[in-house]
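The same chain A turns up in both complexes below, where it pairs with chain B and then with chain C.
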Partner chain A sequence: MSDSKYITLVSGDGFEFVVLREAALVSPTIKGMLRSPFVEAQTGRCTFPEFNAIILEKVVDYFHYWHRNQDKEDVPDMEIPVEMCLELLMAANYFNLDAKPTPRD
Partner chain B sequence: MADEPTLPTLPPPLPVGDRKKRRRNLDSPPTQSSASSDPAFFSSDDDPALDNYHHNGRRKKRYVGTWFNQQPASSDSAMGEESLPSYPPPRRNRPPQPQKREFRRQLDSGVWMGTEGSLTDTDDSFDLEPAAAKFPVASPRTKVLVSAPPTFSPQELAAQRIARTCVERGTEQVDLSSLSLETVSPEVVKLISEISPIPTVTRDVAFEQRDPEIQLYLSQNLFRSFPTAILNLEHLTLLSLRANNLDQIPPAIGKLTNLEALNLGQNFIRVFPGEMLNLLHRGSKLRNLGFQPNRFWQPDTTIATADTIATTTARSDEYDNLTYPNRPTTKLESSWSGMTTKIHSRSAVQFMDGTHQTLSRFALPDIPGARGAPIELESLTSLAVPKEFAPKIRQSTTPTNKAFNPKGARSLFELALRAGITSPQVEEVRAWALHAEDAPRHFSPVVERAVKIHREGGVRCAVCGRDTLIPMAQWVEFRRIGRTTITVDADGKEVEKFTELGGAGEELPVPFLMVGCSWSCIPAKLEKEVDVKGTT
Partner chain C sequence: MASRPNKIRPIRRPIMSKDSNEFTPCWEILKNALTDIHNKNASQLSFEHLYRASYKIVMKKKGELLYNHVKAFEEQWFRHHVLPPIAELVSANLISIALLQVPGSSAHERRETGERFLRGIRSTWEDHNTSMNMVADILMYLERTYVSESRQPSIFAATIGLFRDHILRNDLGGSSEQLDQRFLIFDILNAVVLDLINMERDGDIIDRNLLRQITSMLEALYETDDELENTKLYLTVFEPRFLSASQGFYKAECEKLLREGNASAWLRHTQRRLREEQDRCDTSLSILTTDKIASVVEQELIVAKLNDFLAMEGSGMKNMIDHDHHEDLSILYQLICRVDKTKNALKTILQSRVMDLGLEIEQTLKNTDFSAPAPGADAEDAAEGEEKAKVQPLSAAAQQTAAAIKWVDDVLQLKDKFDNLSKICFNEDLVLQSAVTKSFSEFINMFSRSSEFVSLFIDDSLKRGLKGKSDEDVEVVLQKAIILLRYLADRDLFERYHQKHLARRLLHSKSEIHIEKELVRRMRAELGNHFTLKFEGMFKDMELSKDLLESYRDHVRNLGDPDTKKIDLGIHVLTTNNWPPEVMGRSASQEEGDRGDCIFPPAIQRLQASFSKYYLDDRNGRVLTFVASAGTADVKCAFPKIPGKTSGPLSKDRRYELNVSTYGMIVLDLFNNGELEDDERLSFEDIQTKTNIPTQDLIRTLGSLSIPPRSRVLVKEPMSKSVKPTDKFGFNAQFVSKTIKIKAPVISGTSKVEDVEQRKETERKNDQTRAHVVDAAIVRIMKQRKELSHTQLTTEVISQLAGRFKPEISMIKKRIEDLLTREYLERIDGDIAAYRYLA
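So, the complex of A and B:
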């Protein structure tokens, strides 16, 4: 199970998102969760009670947006609705997607 | 008598019911004594245009009978209640009607056009008693919500007057100097932008509307911050801000590419924005730049090593070509002369992460602060980077991260920040970052800085040219400002001559603050210069 191509992210209100493992690994937080000693590494299922489905969906959108464009240049910006920006700032902070240089090994 | 012509057949008789109704109505005439076929109504107001109102709960007074029999029935009448009109009292025992007929004005056309129903018992308009006159109750005075007209200070009014005169006369020189102005209002800028020159009309010359060449003198005023409104004046060719209290110049000054003369002398400017180099490269229009005296940062030349200072223009050009490969080079067709800069020396690079934390040993001083100590220089052949990222920077072949792939996907944090800050709800975002309990403490400085960058018209990465709200690296380049004359000789070869302003060595170089949007947008490392070492 732990070497599956996909992982499942669960929002606080119980929605499940099946994401490419490779795309989700952009987030150091998720990467840390999927390391071996944790239960998430065995089940491939991460629960985020802090976020509702709407926000988590946008985050998952971002994972795939990043995955698609990671080796490209002059990428058009992803659309972010204004009303979600505060919660997404929190989510970006939680998932460590705040432009902190974290070199991938 | 069989051939006697027969009369045409009679039309069928009217339905009995209808006839009966009408007859009954005619037999027992309505209560009014009018001989007209009009219903005997009149309105309390004579203006027929006022007849149709029905709103606001106000009700038109209606009377039955002739006007000369009426007495005002309202309680405020001088006649009192005892002199009521003499029409029969309304019937009270009438069953409630499902819906009231709408009262419509009926003009007397002389032709009976009424439907049968209009005079039947269902017509309840007779049954209305005169409504008591209602006067609008004097409501407590509500606050008027119309915003007060903007009040202008006398200085502002003087500036507007001058600008208006210039618009009227079509003069392109707007002299707003020595007016004790503290800012330039959008009103004045709007007036100035309306200036259109009077074209010269001469014989044998085609009439042509030319763009205005506005010269704006704002010297000897009290500006503490740059009047950003004037950045929208596209056709500005001369701008003088001499003798003010400026300590910063916004990066958006690089948009004023039509400038031919710019005077920023006698201020308190610490550092010029890197975007100002847009006005100072070959092919640009700037001919005159006044920048002294100011409180510029000074390079610390005491610990300079051999490669710290670019001694030759060739060395400077090498640095510029390597560091800014994307800078557009304009092809010159004829000889050109204008202001350019050459790199003199460079500070170390301050590396920051996305949360405005400095990761490198070197950090620039705060701009509003005092002039401070001289800026530490770094050799052009070396580049100090934070240890843990040293192997990644500039050698990263597969760009994986915002930090190393400047043109790649932006981070989610920056995307969300941009969405919030470019929206009209900026103040809410700022208040949230400052006060919300769940917002991490490091949000506030990031948001504040992004708001400032956005207000000043955005910052462009010096290296890759992308606009950014979260600069990841910054450094100071000390540059010599001078005049370059390029002449194209007969073979099409360019001969370039650079003359430093004020003579070489006399004036200290001017600092320019360069901003990088990622960790790979940093200055290039030059090779150790062999021939310089050989000569020294």
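So, the complex of A and C:
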């Protein structure tokens, strides 16, 4: 089960997002989560009580956006609604998306 | 479209509650989690939960606190839970085995104890490593914010380093009553690993996997928490010890092999060791060490005692070469290539071996040649003599020829042998090839008769060997000839011999012209145009003669005046310069003074006059000389029936066709013209007066006609095996032969080794020619340079003539003197000898 192609991300307000595992691994946080023998790795289900569905959806969007475009050039920017940007910044920080890859990754 | 301005929504911060003292509950969560992780209960924990806890702490700017707490926790955990089982493993027994090398402990016991210890270390390490990875994962946020800002070692490095500080560098409270100095667990670890490696080297089977895991542990640990790449404990502590222990091991092993005194075993052993060490690095240690340990083995097993092994009596390199131990030599080559790119050791021995074997060939030859009076050689002589004596009285000379051919064959065999070595064992190494070639050329040129022998070999192969042989065989012979030629330094001497031998072959049609041409073509490719000029001239003469003869025959037919006696003329018109003087009959006249040409029978004279007229008709200013010594004639003889005989061959008229030399024909003619009575005899002197044939040639001619039974058309009185000037000769009316065509042996037809006299003569002539060549070279050089010192001039002359021969310094000096007296050059006044060219 831990090797299934998709994993489920759950928002604080109970929405579930089924995401391509490979896409979600762009986040070192999720990667670490699925690597260690913790509950998440066994169930393939990660719950994020700190984020509501709106933000998490955008995060998931980003995962796929990245996954789709990782090898391409001249990729159009992702559309980010201005009112969400602070919260998204925080989410990015939480998901470690703003960090350079550490050696152990 | 809505025109409502987009307002940035403020962050709702449910996680950042107002409670500022949130550290303690969060830490509690984490602390419990750490305990669970160590106890392998992590599967019940939520990563997100723990991550969030550390995230919160960091958000509260308590990162440092967390960092220190984690570190303290891990240290404590180590002290209470990890260390005790390890300390238990470090028994007194282990210490005495690993560090004190107490004798009496069996290898098996040592291995068991050692491996148990290593397994303990390994499992502790694996647990620790896994736990620390998990801890680092949940503290990821701490790592990337607080740690990277505060320039502390990463949480992983700091916690994994605990293993180094608290286990490897632990001295277990100095519980070392047996030892004078303090020791660390690390020392025990190293000693145990090295001991296991030595056991494996001695043939025991050890747990390679375990070793590999231990070394990867050392590769994952660093001297400090900064984790600099070149401070891996593997590199800083373990590897140096491993290398120095190995050095000791192989040094001892090398001594042992040296005592055993078998170079072949040494080679194989060394090769095996190299492979083993490589294998060990691949499977048990680290590939980082592969090259280093290889160089230790190379140094200790190969370089250290290389010359001792190579020189070993009975199994050293000499033995390997002599007995074609290709496998040994291949290994040797590979080993030496590893340690010495110049391969000097190998080169020197190869060269000296070539020299020795080359000189041996010469020695054997000398022994067979000069031991003729010795009984052993006598028997051989007799055996061979019996076969040939009837046909040829000169079997000793023939034997010498055989010796020449044997010499060439031996040299070629030796060459083949070393070529084989080069191909099979030395990877066709260019350095070695050229060294061997150099030695070959050296010993061949040390042998004074090499030029002559090579030419004789060619003569022999082309004359005898090639009839009915395939193109491949011909190719082999040609190649051999060229190979030998390449080695010769005195090429002008060879040129002289080859010219002589070639002339004989051409005139007597002993060989196939296209093969001769091919050989000369290759010589040209190898040695240049000037070398083959004469040979090509000879070929040209042969071809022109053929055409000339055709047209002359046409001419005679058209005269419509058929000669009643009908003598068919075959003639070769030879250009004097292209052909050797011996063939042109010049040397003979030199020896005996100017006796004039021999007297031909009138019928022949008429024929000569007819041809001369035809030839000189449209070739003004040429001189045509008939060389009787080089020709042959087919003579039809009639032997009338002997009266009184009624049965047997003598009762009938007999007709034979006799193939004799031109001289033979002239002599026979004396007995043909009907002036003689049946039993009248002609004395040797009579014959000589009537024919004017040079004495030596006449002896030979009469010998071939009166001694061998098969062609004894003349009777000699008294009957003996040799011709003396006092003998008398008469027509042998009783002559009988089973075959119609009879060939009188042509003495000069075969090429032989020259005797001492002839040889001196050849050398004298050669030196004369050389003198001219050196003259020309000096003049050429001086004309261009105007002024030169003596040494410079000498060097230039030698380098100019290098392709043809190696002039002796004394000769150059003499030629310079000569040119000075002839006023081509003058001396320049001054301290050093120098010359100026006089235009």
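The working rule: the second predicted complex is superposed on the first by the 98 of 105 C-alpha atoms of A that agree within 3 Å, B and C clash if a C-alpha of one lies under 4 Å from a C-alpha of the other, contacts with A are read in each partner's own complex, and residues count from 1 in each chain.
Here is the rule we use: a contact is a pair of C-beta atoms (placed from the backbone, for glycine too) under 8 Å apart; a residue touches a chain by one contact, two chains touch by 3 or more.
Being a predicted model, the structure only gives us computed values, none of them experimental.
Novice: In the superposed arrangement, does A:39 touch chain B (first), chain C (second), both or neither?
Specialist: second
Novice: In the superposed arrangement, does A:47 touch chain B (first), chain C (second), both or neither?
Specialist: Second partner only.
Novice: With the two complexes superposed on chain A, say which partner A:86 touches: chain B (first), chain C (second), both, or neither.
Specialist: Touch status of A:86: both partners.
Novice: Contact-wise, after the overlay, does A:59 reach chain B, chain C, both or neither (first, second, both, neither)?
Specialist: In the superposition, A:59 touches chain B alone.
Novice: Classify the contacts of A:95 with the two partner chains as first (chain B alone), second (chain C alone), both, or neither.
Specialist: first
Novice: Which holds for A:28: it touches chain B only (first), chain C only (second), both, or neither?
Specialist: second
Novice: Using the superposition on chain A described above, determine whether A:73 touches chain B (first), chain C (second), both, or neither.
Specialist: In the superposition, A:73 touches chain B alone.
Novice: Counting contacts the way the document defines them, which residues of chain A are shared by the two interfaces, the one with chain B and the one with chain C?
Specialist: Of chain A, residues 81-82, 84-86, 90, 99, 102, 104 contact chain B in one complex and chain C in the other.
Novice: Where on chain A does chain C make contact in their complex?
Specialist: 12, 28-29, 32-33, 35-42, 46-50, 81-87, 90, 94, 96, 99, 102, 104
Novice: In the complex of these two chains, what residues of chain B are touching chain A?
Specialist: Listed in rising order, the residues are 353-355, 389, 392, 398-405, 407-420, 423, 425, 429, 432, 438-440, 443, 470, 472, 519.
Novice: Taking the complex as given, what residues does chain C use to touch chain A?
Specialist: 6-12, 14-15, 42-48, 50-52, 55, 133-134, 136-138, 140-141, 143-144, 154, 156
Novice: Under the definition above, what is the set of chain A residues touching chain B in their complex?
Specialist: For chain A paired with chain B, touching residues are 59, 62, 65-66, 69-75, 77-78, 80-82, 84-86, 88-93, 95, 97-104.
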